[in-house]
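Both complexes below contain chain A, partnered by chain B and then by chain C.
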Partner chain A sequence: MENNPPPPNPSLLGSIILRLRERLGVNGNVSITRLQRRRAFVSMFTRHLSRLIAVLLVLGYFWLLALPSSFLGRWVYIDENALQPGQVSTYWNWGDVHAADKYLEQLEYLRDSNATSDQRAHFLMSEFSKLGLSSATQQYAFQSNMDYRNIAGTNTYAVLASPRGPRSEAIVISASWLSRTGEGDGTLNLRGVSTVLALARFLRNYSLWAKDLIFVISDGHLDGMHAWLNVYHGAQLSNLDAQPLELASGVIWTALNIDYPGHSFSHLGLFFEGLNGRLPNQDLMNCVQHIARGTGGVPVTVYDHLEWQDPAASPSELSFLPSPLRHSPEIKDFAHRAKTIARHIGYQARGRASGVHGLYHQFRIDAITVFAVPATGPHGFHALGRIVESSLRTMNNLLERLHASFFFFILTTPDRFMKIGSYLPSAILVSIAMMFRGLRCWVDARWCTDPPPIKKSDQSPQTNTSFTARSRPVLPAMIVMLLTHLLGVVLFFATRSSWFLNDQKLYAPALALATLTVPLALSQIPYPHDSKIAPFWLVLKAFNLCFASTVISIITVLNFSLAALLAVALGLPLTLSSPSTSKLLSWLKCLLYVFLASGWLFLYEETREAIWNWEILSVWFAPFVCLIYTPLVIQAAIVCTWTYP
Partner chain B sequence: MKLTLGWFLLFSTLFNNGYGWSSEIFSESLKIAPLPDGRVSTTFSFNTVLEGALPRDPRSLTSQDASQHYVLFPLTLGQILREYAVTELHLSLNAGNWNYERWGYPEEKGVGTGAELLAWMGVEGSESVDDRWKGLRNALAGLFCASLGSLDEQRTTSPDRAFFPQGMLPDWSGNVTHQLRHASLPSEHVCTENLTPFLKLLPCKSLSGISSLLNPHRVFDADWHGMGVHVSWLGAAGVQVRLTFQSVMDPLRYSRNTSRNWSLRSLFGHGIERNCPAASSSVIEVTLPDSEHPSLTPQPQTSSGSKATYDVLTAEKTLDVAMQWQDGFQYPSILNNSLPVSVTRTLRGFTQASGKLSLVLKNRRSTPQELIYLETMPWFIQFYLHTLQTRIDGHLRDDIVSHMSYNAAVAHSRPTTFQAELRLPPNSVTQLTLDVDKAFLRYTEHPPDAQRGWDLPPAVLIPLNPADPINSNNSHTYNEYRLGEPIYTSTLLVDVATPDFSMPYNVIIFTCSLVAFIFGSVFNLLTRKFVVLHLDANQQNN
Partner chain C sequence: MSTSKFLIANKFDAAFSALVASRIAFALFGLSNTLKHDQLLSTPLSSYTQLREGIFLLRNGVDPYSGGTFRHSPLLLALFSVILPESRTYASLVWTIFDLVGAWALVSTWRARQNVQKTSRDKVVAASYLLNPYVFLPTLALSSSSLQSSLILLSVKYAAEGRASPSLLFLSVLLHIDLSTLVLLLPILLLLISDPHSHLASPRPFSANIRRILPLFGEFILYTTILSTASTIIVGGTQWIPQTWGATLTLPDLTPNTGLWWYFFTEMFDHFRPFFLMVFSVHLLIYVVPMCIKFQYDPLYAIFLLLGVLGTFKAYPTLSDPGLFFSVLSIFPEVHPYLRHPIVTALIHLHAALLMPLFNHLWLNTGTGNANFFYASTLVFACGNGAGLIDAVWAGLRIAIGKETEGYVVVQE
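What follows is the complex of A and B.
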């Protein structure tokens, strides 16, 4: 072995490097030193891998818990310069409020006379026609296995053609007949509808609209607008039977949905989550809240959560904390933000739209709902009209679609948000930990550290342990994984069938039991105990963890809330799944995992909602849970059915 | 001033006649028609005829042209016409979408949104038609401050079944044939910078006569406005230049929905103060509605049937024509008009890769209606003709479309031209669909504000008058005499796949990292020397 002679380097830099090399003990062959260093690093990494995984998991979970912290957010700002929110004088005045009141009277009469959808639609259409707008109605009906909801109705819409505009761009102002209160529990949105009518009457007096204004009064809560939007964009839905739209307009870039269920309102709530976890461009929201505060003088909240400082807010829910902590403003702030984030995750992870606006996002339309939080005062039509007028002027300024990367955010308070960089690592850290654990299992399955005593290890006297290679049963593990996912498919079709939906209380336990039989049945298959073949469960666990980790990291950028939920639900359980020493213990563990996998079957209302969302709105949450989540946990359950010999 | 101009005119007329030059006649008119939906349509028309003149023979382009001494004829426009030997020219610059359903047919029929340029030019000669077309559009772009220069070969078509010359085409006694060039630019925004050069072409600018009503503050607040330049050869009568300005105004909007009364003062800001001395005739024509009888002030000089006429030259100044309605206004629930068919064109589909062009045609009449359908599309919208489907009430029909002609697009250079004849059954709703693909553009091809998308030109539908059974065999040339007035559909906006131009830095970082990663690994492998090292032996040595 030849040693590299030290280079004759008289310069100062050279001598420093030389001294450093000496200090580091680099005086032998450079390549050998490098190899040794690499080997030392790998052995250190493998020795401390379990600790590293633990650290990553703890860090990830703590990060998730720290999301409401004030350190992770920043103030909102408006990125698109063309928007110029709140730069205009508003002309909406008490005459228009009076007009809105008049419309409200007529709508209340319709409500009291139990008018049908058709009668309402024709009233609305004639009102729009009286204003000189082209208007039309659209009947629609959805077919669904779930017959307990009447999913049919009539939408009304009117188009105000922009003066001197080419009719190729449009803004939508919409109100659904049912308010989003209680996620569409039947509260009517009469004031929202009359606001739209009065706005139509008012806005046609101005020649400054560069885009068409489309006024849509959709029937029902979500179904009406879903039908209208799908037909408008020519999307084919197999279960939708809707009339074609008679009036045409241009490409819709932005939309504003107005929801005003109460008598008056104290705050404007912003709702923004769309189907399948899509979010609108944050600029739109920032503009509306900027205008609401500046032009309208109305405080803004996220959802209908009032800040704890607000006298109208409900008393603190933090009764479990000791008194000094409970009254600390920091804790209250944290709790308020946590509540907002939890609600956001609730909508986004399940792919639910938090209002009618959520249906627009799938067509690349940025839309939000402006929700007038019901209260006894002080605001009403006057403030709302001015805010909507000014917001429409802002949207009218747009020269191109909102496009800056403002689609990834978590809004903690109306004026603070978290960028993608400050929340994404939490779920990613958990997924990295799972990937490391999975790879560790994969390596462990190959190399056995306990050599059989017969074998002589004469090659390397220096090392204490020696490794023997085992073959890994890749194909059986893959087949078992495939089987569990097929089980997921069966489960999915079973849950959306009408017999399941008609008698959930009977079939949910049956399906859960059927799920339980799969790991138990698989554990009964005799498996050859051979020291040359890796244990089956270890390979399955390796695949299970690697697959789960990949799923989580991909989902993070599509739907962070779902990824965070998966990180919580899968991270620890899948990492900790292992065989036990006794048969009883392993069966108990298996039962626990199966419950984690299929426990959602017993959330009757939740399951129905998820299936309704899939059937009508094509929300992917129900198939995702059945096809990805449940099989992944069942694979962990199969791992647990094993016993150590 | 008036006196000076008068003497000048007299002198120049004498001079011209004395030397055998053709004489020039200028006349102006304004047509005002109240529309059923409470709006008012106004059409200005300024007509200059160069008597006895002949368009330039393209074969004479190499030789020196005769000098052009015009008095009333717009010199700048005349020079362009002579320079590029243009026989007939139609330029329209419109803002807004003409609502045929509510407003019926327009007085001037070229109402497609944006800019549209049509020209017929003789083929023979040293310079090709395309070279002269290029020169023409650039010269007109300079003259009218419009982006006509971007009507390049990517937008130029020659739809010779849909458009026919309005004047005559000379053959200069040498069998010179003519070719049509047509291009439209839907994204052109028409505003005051286009009106100023337009007014400069008029003999009285906007100082006197009817043209003094063209007040940019008011006409650009209209619901629709458009200007047009039409040059045609009338045979022995000479070359005619007709400058038109059309607008649809809304008195209801001006009066906050109280009344639809209008006057020249309420529409244009002032009445007519004085005559244009160059005008041989100056007429305001008001269309009176059939059913109601609003009062007109001042009393019209002649009134026949549904038309009331004012001769501005003899009328008392200040002339402020006004129409007063007795009763309040209710928007009519059903607007009936004389339109043979109504058309809705939309581009369905929300992906950036493909879509579906849909055309819904309603024939309200109880007789079958034939139409010529012209669709021109930039190359990045690719048609699939085999997906052309026609449905009536949801049932597929294959007897609607006939006589198709299709010029396929050439990527990055030539647009698609699709012409066909449609035959709509009586009282029917026909839906025509066509699948389209959206091409992937080079990043340099995107316009500024790329996320807006691309404007697509309007389609044109020309109803054909009922065929004369005697000579219907020679269909192509015969159609020329059957062509009705064209109907322009609205323009479309299309999203194509667009890179995020606002974040080039991210793109640079990503691509550079990738390149560095690949290059680094490859370079490392290529330059590394592989040797066998005995790790443990070395440890012993140490």
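What follows is the complex of A and C.
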């Protein structure tokens, strides 16, 4: 640009250019060099942008695949010095085991006599009272338009007032009537309940508690504890009808939920995912497993996954691999960690609680479930009691809430975890690639490379292609985006209505078809073919990608698993959405995208579960899918309905 | 010609009524109870809850300024103990009326700048204020920052119309509500003695007689003195001064907000505090004279840029402060083509607008994050505001050079 003839009119522009040229006479003009450097950078960046996007996408996806690798993890450690796990002698002995067995007998009698919730609760309350603890029951019922589940029952709880403290803080030891086996499939948690009763009997003998101990036996699987916790914290739920709590205690800091469905156990499994992807402080888990290994002598696993070295573990599922690979310990380790991460993502992305502990997290209580993995031996009440006793002593040591930044982690094995820095970049890289692609579309929408016929391009010999600016239809694109999100709201209300839930097989295809009509109807609107206006689809795609990228990168800190799923589900599809050369092809593509957007409607059980979670537990996964995910993919479908002229 | 004018007028009225209706519908939605404690939407200096408390104390014969929690101006105390309705719904309506007045003032300013009675752009200008989420969320939360924005717009409107007295009166009321609006005094005085029309494309030296601002300044001092006396009479002493004006300068309440001050001063050692308070306060003032000199040919644009400075750097900002800046951008359509990176600014704001409530929630509700999270998101927000401000300065200067000719580039020396 410095070789140009002087401008025709000596305006302000001219004088500036003249000054520039004067300066050029002197060697090393700063502005010119800066300009040249910037241009060189910009042109290099734009030339390689597609490659950069591809590299970012590949890197991001590979990082996601590499999450189970041993390079990304590190050994667990305990951050909070006040906890001092496993530093005490435990006093739980065979006499207490005998008491637990006695309680178990009575509970089995109740089970065999088909006792109602109320009868059970009154039995439990009287048992707590016999121990000298103040105890009470609480009846509750949830209203829901999904009437296929019985969501009413009676909770029992007892408070052991702290002999040492001001009673302003509390620890909860809980067991639900139904075990978490099969996500609450009806297996009873009788041994868990009798452990809590025997612990109440045992723990009241010690005067060292600085915090109140609250023993809660909640009815059902998740619903009972949800009702109890909401009433305890004074939260008003419109669909919950529950008795107020008669006994009060302090602020609950930590909670331990005991789940012991079998008659003996071989491992203790840690379950920790809470509602809406909230995780407990990792210190709590590290302490419990430290105590379980040291004090209890019980091996620990994440969930109920046994390590492949374990003789009790089920044979390897890697039969698709050739045999030398199948038996390599590295591959087996990798597969084991991958299985754990997949299960973690399954819970966290859908916002599901992996057990009763998950309900505590919404009230800022750190809680985990200690799950006694059913086996024929060798451990029983004796080991479990000692572990819980020692864990409670550790929690009793706390001087402040568990804090630090120990809430963002992925546990790959019980003793290895990934810090936020080693897993977050995977989703962020994909999101950056999408942002770059979106900005590229935005710039492409502005500039048209082929020169309009009226203008002679030979006047500027140094540039081969001349660019002409176009106006971009920003407002129509925004309106279309807003419309799709409003349709998402309609879709959400449709899926949670009772007529949909009662006849899913009929209404799911209907709703999917209704979703399909949106892009098809929009493609019928005539759009002016004007070289001065950018194509509508390009602007829509730019906004679509930028918004999707923002959503992914922001969700990463709230719920990484959901962000990772979104990065997989949206990353490539939205980046690749484009018009086609023929009408047929474009419609096929549109159909594919609409299926990606609304295919979940056909997962009947999954949909019901998600809606139940929203209705009863306020898990926002279902509204998120309807209001954000589906509209984003539909926008990509709208992009695909275009055809090149 | 007349029919087309009529059509425009009609269209504007229809659009404006639709906007008003939607805003009133929002106000009646009853969101104020959930939003009124949101730290992004109201600060200790603008919170509705504390205003109610002050009024309660005043009615019961307790000096509201004795406790150190009430920091609203005595003028607001007097105004709202007379007109504040007890019911939340009426309060929401009153706050919506503030916004409507603000939108009307903004449209009037736009008309004064164009020197016409009505334009087809009026509805866009009104919508940019009434539908701006940064503006209407604080209104739903009943934050007094909405009243402040409306007063700024009213003062600017009268200044643009050349009516000195109402403009200066509103400005001195504004000064009582928030001390930092003092930065607007000089450009408003300059606007009063010059004209509001756009001279951005043709810069020229300041033509009006600069001495004419002296009587206007005297008038402003007079109003301020009268209002201060009135405040003193209302409260029965001068104890309101350290609690209202003093709070802006000494930052006694470190409740988190969207601004840059609170975190800095929570981390500060006490013996550095006075020095940095001085630095932060003076920092706001140093923009005034350069902006007024550089944009001496268009003081309205200088006011706009100083609104951006206030939204980014003032002591107790809410979302409505940067919101006001971005809404006022709509009355300068001539600079829009010269903005360098509007999409980048918009995307930073999109990120910040989602991150701030999220990190606030992670820190204070779920407890998984900490103060650094929220502070980081307010830094992103400040980057967004700064990007908008710098881009506005660039575009305001760049427009004078004219359209880019093929083969030439404009650079900044």
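Following the convention adopted for this analysis, the second predicted complex is superposed on the first by the 613 of 645 C-alpha atoms of A that agree within 3 Å, B and C clash if a C-alpha of one lies under 4 Å from a C-alpha of the other, contacts with A are read in each partner's own complex, and residues count from 1 in each chain.
To be clear about the criterion, a residue touches a chain if its C-beta (ideal position, glycine included) is under 8 Å from a C-beta of that chain, and two chains touch if they have at least 3 such contacts.
Bear in mind that the values here come from a model prediction, so they are computed numbers and not experimental data.
Q: Is A:Arg364 in contact with chain B, with chain C, with both, or with neither (first, second, both, neither)?
A: Both partners, chain B and chain C.
Q: Which holds for A:Arg164: it touches chain B only (first), chain C only (second), both, or neither?
A: Touch partner of A:Arg164: chain B, not chain C.
Q: One more residue to check, A:Gly132. First (chain B), second (chain C), both or neither?
A: After superposition on chain A, A:Gly132 lies in contact with chain B alone.
Q: Kindly classify A:Glu400 by the partners it touches after superposition: chain B alone (first), chain C alone (second), both, or neither?
A: A:Glu400 sits against chain B, while chain C stays out of touch.
Q: Scan A:Ile554 for contacts with chain B and chain C and give back first, second, both or neither.
A: second
Q: After the superposition on A, what does A:Gly234 contact: first (chain B), second (chain C), both or neither?
A: first
Q: With the two complexes superposed on chain A, say which partner A:Asn205 touches: chain B (first), chain C (second), both, or neither.
A: first
Q: Pick one for A:Gln36: touches chain B only (first), chain C only (second), both, or neither.
A: first
Q: Between chain B (first) and chain C (second), which does A:Ala248 come into contact with in this model arrangement: first, second, both, or neither?
A: So A:Ala248 only meets chain B here.
Q: Going by the contact rule stated at the top, is it chain B or chain C that touches a larger number of residues on chain A?
A: B
Q: Shared contact residues on chain A for chain B and chain C?
A: Chain A residues touching both partners: 1, 31, 35, 362, 364, 401, 403, 405, 460.
Q: Which residues of chain A touch chain C in their complex?
A: Chain A reaches chain C through residues 1, 4, 7, 11-13, 16-17, 20, 31, 34-35, 278-279, 361-362, 364, 401, 403, 405, 407-408, 435, 439, 442, 459-460, 466, 546-547, 550, 553-554, 557-558.
Q: Spell out the part of chain C that touches chain A in their complex, as residue ranges.
A: Going by the criterion above, the answer is residues 343, 347, 350-351, 354-355, 358-359, 362, 365-370, 373, 400-402, 405-411, 413.
Q: Which stretch or stretches of chain A touch chain B in the complex?
A: 1, 28-29, 31-32, 35-36, 39, 126, 129-132, 134, 161-169, 204-205, 207, 233-235, 246, 248, 250-251, 362-364, 399-401, 403-405, 460, 462
Q: Which residues of chain B touch chain A in their complex?
A: It is residues 37-38, 95-97, 99, 101, 113-114, 186, 220-225, 250, 252-253, 256-257, 330-331, 333, 344-346, 348-350, 355-356, 358, 449-453, 455, 490-493, 495, 500, 502-503, 531, 533-539, 541-542 of chain B that touch chain A.
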